[in-house]
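We just call them A, B and C in the order they show up, numbering each chain from 1.
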Amino acid sequence: MDFGPHLMLASLEGAVISAILVLTAMGLSIVFGVMRVVNVAHGEFFMLGAVFAWVVTTTLGGHPAIGFLAALITVPILVGCIAAGADRLILKRVNYDPDRTIVATIGILYIIQQTTLMTYGPEARPVEAPFNTRLSLPWFEFGENGFEIFWPWGLSITSYKLFVIVAAIVVLTTLWLVLTRTKIGLIMRATQQDSDTAQAFGIPVGKVYSWVFGLGAGLAALGAVLVVPIQQAHYLMGGDPLLLAFIVVIIGGLGSLPGTVIAALLIGMSDGIISVFFSPTLAKIIATFLVAMVLVFRPQGLLGKSVA
Amino acid sequence: MAAVNVLEAKGLTKIYGGLEANVDIDFQLPEGEITALIGPNGAGKSTLVGMVVGRILPTRGSVSFEGADISHLPAHQRMQLGMAYTFQITSIFPGLSVYDNVALAAGQKLAGDKGAHDQKTRQVLDRIGLADRHDQTAGDLSYGHQRVLEIAMGLAQDPKVFILDEPTQGLSETEVDAFIALIKSLAGETTILLIEHNMRVVTETADHITVLDQGRVLASGTPEEIRSNAAVQAAYLGTTTDA
Amino acid sequence: MSKAAKSNALHLAILALLFALFFVLPAYHVGAFSRIMVLAIYAMGFNLLFGYTGLLSLGHAMFFAAGMYGFGLGISQAGFSVAPAFLTGIIAASVLALVVGYLALRTAGVAFMIVTLMFAQTVYLVILYFGEYTRGDEGFVIQSAQRVFFGIDLTTETARYFTAFVLFAICFLWAAKLIQMPFGKRLVAIRENEERARMLGYHTDSYKLRALVVSGAFSGIAGASYALLFGYVGASFSTVQYSIFPLLWVLLGGAGTTIGPLIGVIFMFYLIDISSSYTTAYMLIAGVVLVLLTLFAPQGLAGTLRKRVFPWLP
């Protein structure tokens, strides 16, 4: 393949990565934004989403589309409930004290991960995509015969991957509408601004926190359900999404939702493109180091506004 | 009086995003005397003191200490030169014993000499009346005792300039009396800058008064001069004495 | 007895007990305790920063790894003997701590945790990237013939136990001394109220950096000791898990106490040792312990003892 088609392929892969990443990072960002909680267990909610998707689809059987649809609806809710329960049982009781909350979520991380290892096992298991037509993509060239369109070998994407991109856009739009146009969004923003005042105005802050924590985990789980037909479900799969989501949230500015979306696109696309052209380890080294430096020198994020 | 000024501020200005907290403030602390800084809430007292001790970076202006320009020095170096500062909102080491709190304050200068360090700590605790509580955890003390402890920490630093930010806030009348006696006993030993709301404390202790209003120096002089100053009466004293 | 005398007596008693354990414990547990003492050095280093200075690092594995690889590569690549390789390990960890501290200490709180986590992840990836020398995840073995110090073969169970004991004793007493000194008191002051410490004339940034370097050096000593005594160097020691372990040990034993790190390591080591004979998911124990500690005993075992029974506990 030439450079042009190769780049296009990489960009499409990048868009798929971005789509999953934006959902996962959005969950982390909302939780941090509203509750000021750094949820280290976020990656494990992602992993739970993938594993539950496998459980639901294999239990139901039949046409892959039926199981997948069922998983898409039930799994995020289920994972959200587990997260809300963890919030109630644990985080609420340490009063969301920053140090203790982080330690507690590290604990939750291992509990979820290791319980999955004990029950689901160490195998990686695939989930069949509901549809998976390979779509060839055209490329163009100005050759001897002028403008030409042709179909290079290998330049293609599956219909499922396109679906992932579209689904992420739909979810994001819905989320954005809920946050800006509904009473739920208003309550969340009020709690984010000043939880004490919100409490005084009769907003049940404790419940809002549980819902938000559940919503954050649910978004990660949704991303995982979408990714599991592309990538298999495995008990250790939560680590990378956690790290990437962290990177996105930091670059985008902690708690800033538009920043999170832009950063997810940036990171997802560059991850897709870099890993096609460079050694993945080197790419990760550079990315991780740069993110640390961003936090050191621009803690408000690359896209956030300076406080001073 | 030909008093030497141990600390001088010239043209200190702080502007927060267009909001003028302090504008072109000149003021000085004559050595060995007690100066009170008064003014209504929001007059800019805290910002001014913040710039003097180095906690707030001024927009412009300079501060000199014993004739040397210290404007570029960070707070901890100003303290090392011989300033001490007590916080408006009580700020101690809650998990440590009363003794350790004071020892930490004294230790900046004396940590190299164990005997002198211990002696200084005990002496300050005696003077301030906390000697019998030296073993208690500071965080368990009553509010009044915590404020006293904070002053003790300032004393233990053996400061040339001792800056107290609203030290009597929230104290009972008898505690205020004890504070006044303590401050008077320090006169001559050290130079004191008192930021105070309680006018009784100010009139009973201060040699000089500087009145701040809306970020500017409204008047400056002896207590008599200030009392007879019409502008001050209008802006400040009139309202509080009537109350 | 005065407070200081009591704590000295306690420290010496603990060392005497550890010395005596060699003669009474069965071989398996002698080996376990060699490992425990080395890991306790790591925990003590972490405790200096977390327990005393109040800085929570989630990336301490990078300092442990720096000590381990400084030592291991010193032997395998530079052909050093034990002493200079050991020194290389300590220097590597200290220098890394200095650089990381210089950068990371510009942040505080949650940002400090994430920055240290990211730096540690970078170190881990760098180790993988230079797999040609480090052998990546697989790691490399340091030959028994190279683990000889002044003619003493450090691979025998006895030599291993007593080397670990001596290293532990030095670090244990040094840490206890350090927190009695004005330097240690000032670290505690920073933990309690940084702004107040600054306004007493202390350059808190410099104290925090020094605390991080000492903490990194302890971790480096532990990493180099581990490679020396157990003959293995591997990237798994630089993973997030090995940054979480010292946090777990110190929280369990009691942050900000001299004996907490050792107690925490002993308990965790045996908890994991026993549970891993039943299941591969032994880290479940770590998770449960972390959650229970944050919920019910944030001061850990020694911290709770100090609060309830022995207020003089150092």
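One rule holds in what follows: a contact is a pair of C-beta atoms (placed from the backbone, for glycine too) under 8 Å apart; a residue touches a chain by one contact, two chains touch by 3 or more.
It should be emphasised that the depicted structure is a prediction, and the values quoted were computed from it without experimental measurement.
**Student:** Graph shape for the chains shown, where an edge means the two chains touch. Line, ring, star, complete, or other?
**Tutor:** Drawn as a graph, the chains make an open path, so a line.
**Student:** Taking each chain's centre as the mean of its C-alpha atoms, give the chain farthest from subunit B.
**Tutor:** So the chain farthest away from subunit B turns out to be A.
**Student:** Centre of all protein Cα atoms: which chain's centre is nearest to it?
**Tutor:** Smallest offset from the overall C-alpha mean is found for C.
**Student:** Let me have the rounded angstrom distance from the C-alpha centre of subunit B over to the C-alpha centre of subunit C, please.
**Tutor:** Centres of subunit B and subunit C (C-alpha means) sit 43 Å apart.
**Student:** So the centre of each chain is just the mean of its C-alpha atoms; given that, what is the distance between subunit A and subunit C in Å?
**Tutor:** Their C-alpha centroids are separated by 34 Å.
**Student:** Rounded to a whole Å, what is the gap between the Cα centroids of subunit A and subunit B?
**Tutor:** Chain centroid spacing, subunit A to subunit B, equals 53 Å.
**Student:** Would you tell me which residues of subunit C are touching subunit A in their complex?
**Tutor:** Going through subunit C, the ones touching subunit A are 56, 58, 103-104, 106-107, 109-111, 113-115, 118-119, 121-122, 125-126, 128-129, 240, 244, 247, 251, 279-284, 286-291, 293-295, 298.
**Student:** Show which residues of subunit B lie in contact with subunit C when the two form their complex.
**Tutor:** For this pair, the touching residues of subunit B are 53, 55, 74-77, 79-80, 85, 87, 91-96, 100, 103-105, 107-108, 111, 153, 157.
**Student:** So in the complex, which bits of subunit C are touching subunit B?
**Tutor:** Listed in rising order, the residues of subunit C that touch subunit B are 182, 185-186, 188-189, 191-193, 195-204.
**Student:** Okay, in this complex, where on subunit A does subunit C touch?
**Tutor:** Where subunit A meets subunit C, its residues are 38, 90, 93-94, 98-100, 102-104, 106-115, 117-118, 122, 239, 243, 246, 250, 279, 281-282, 284-285, 288-289, 291-293, 295-297, 299.
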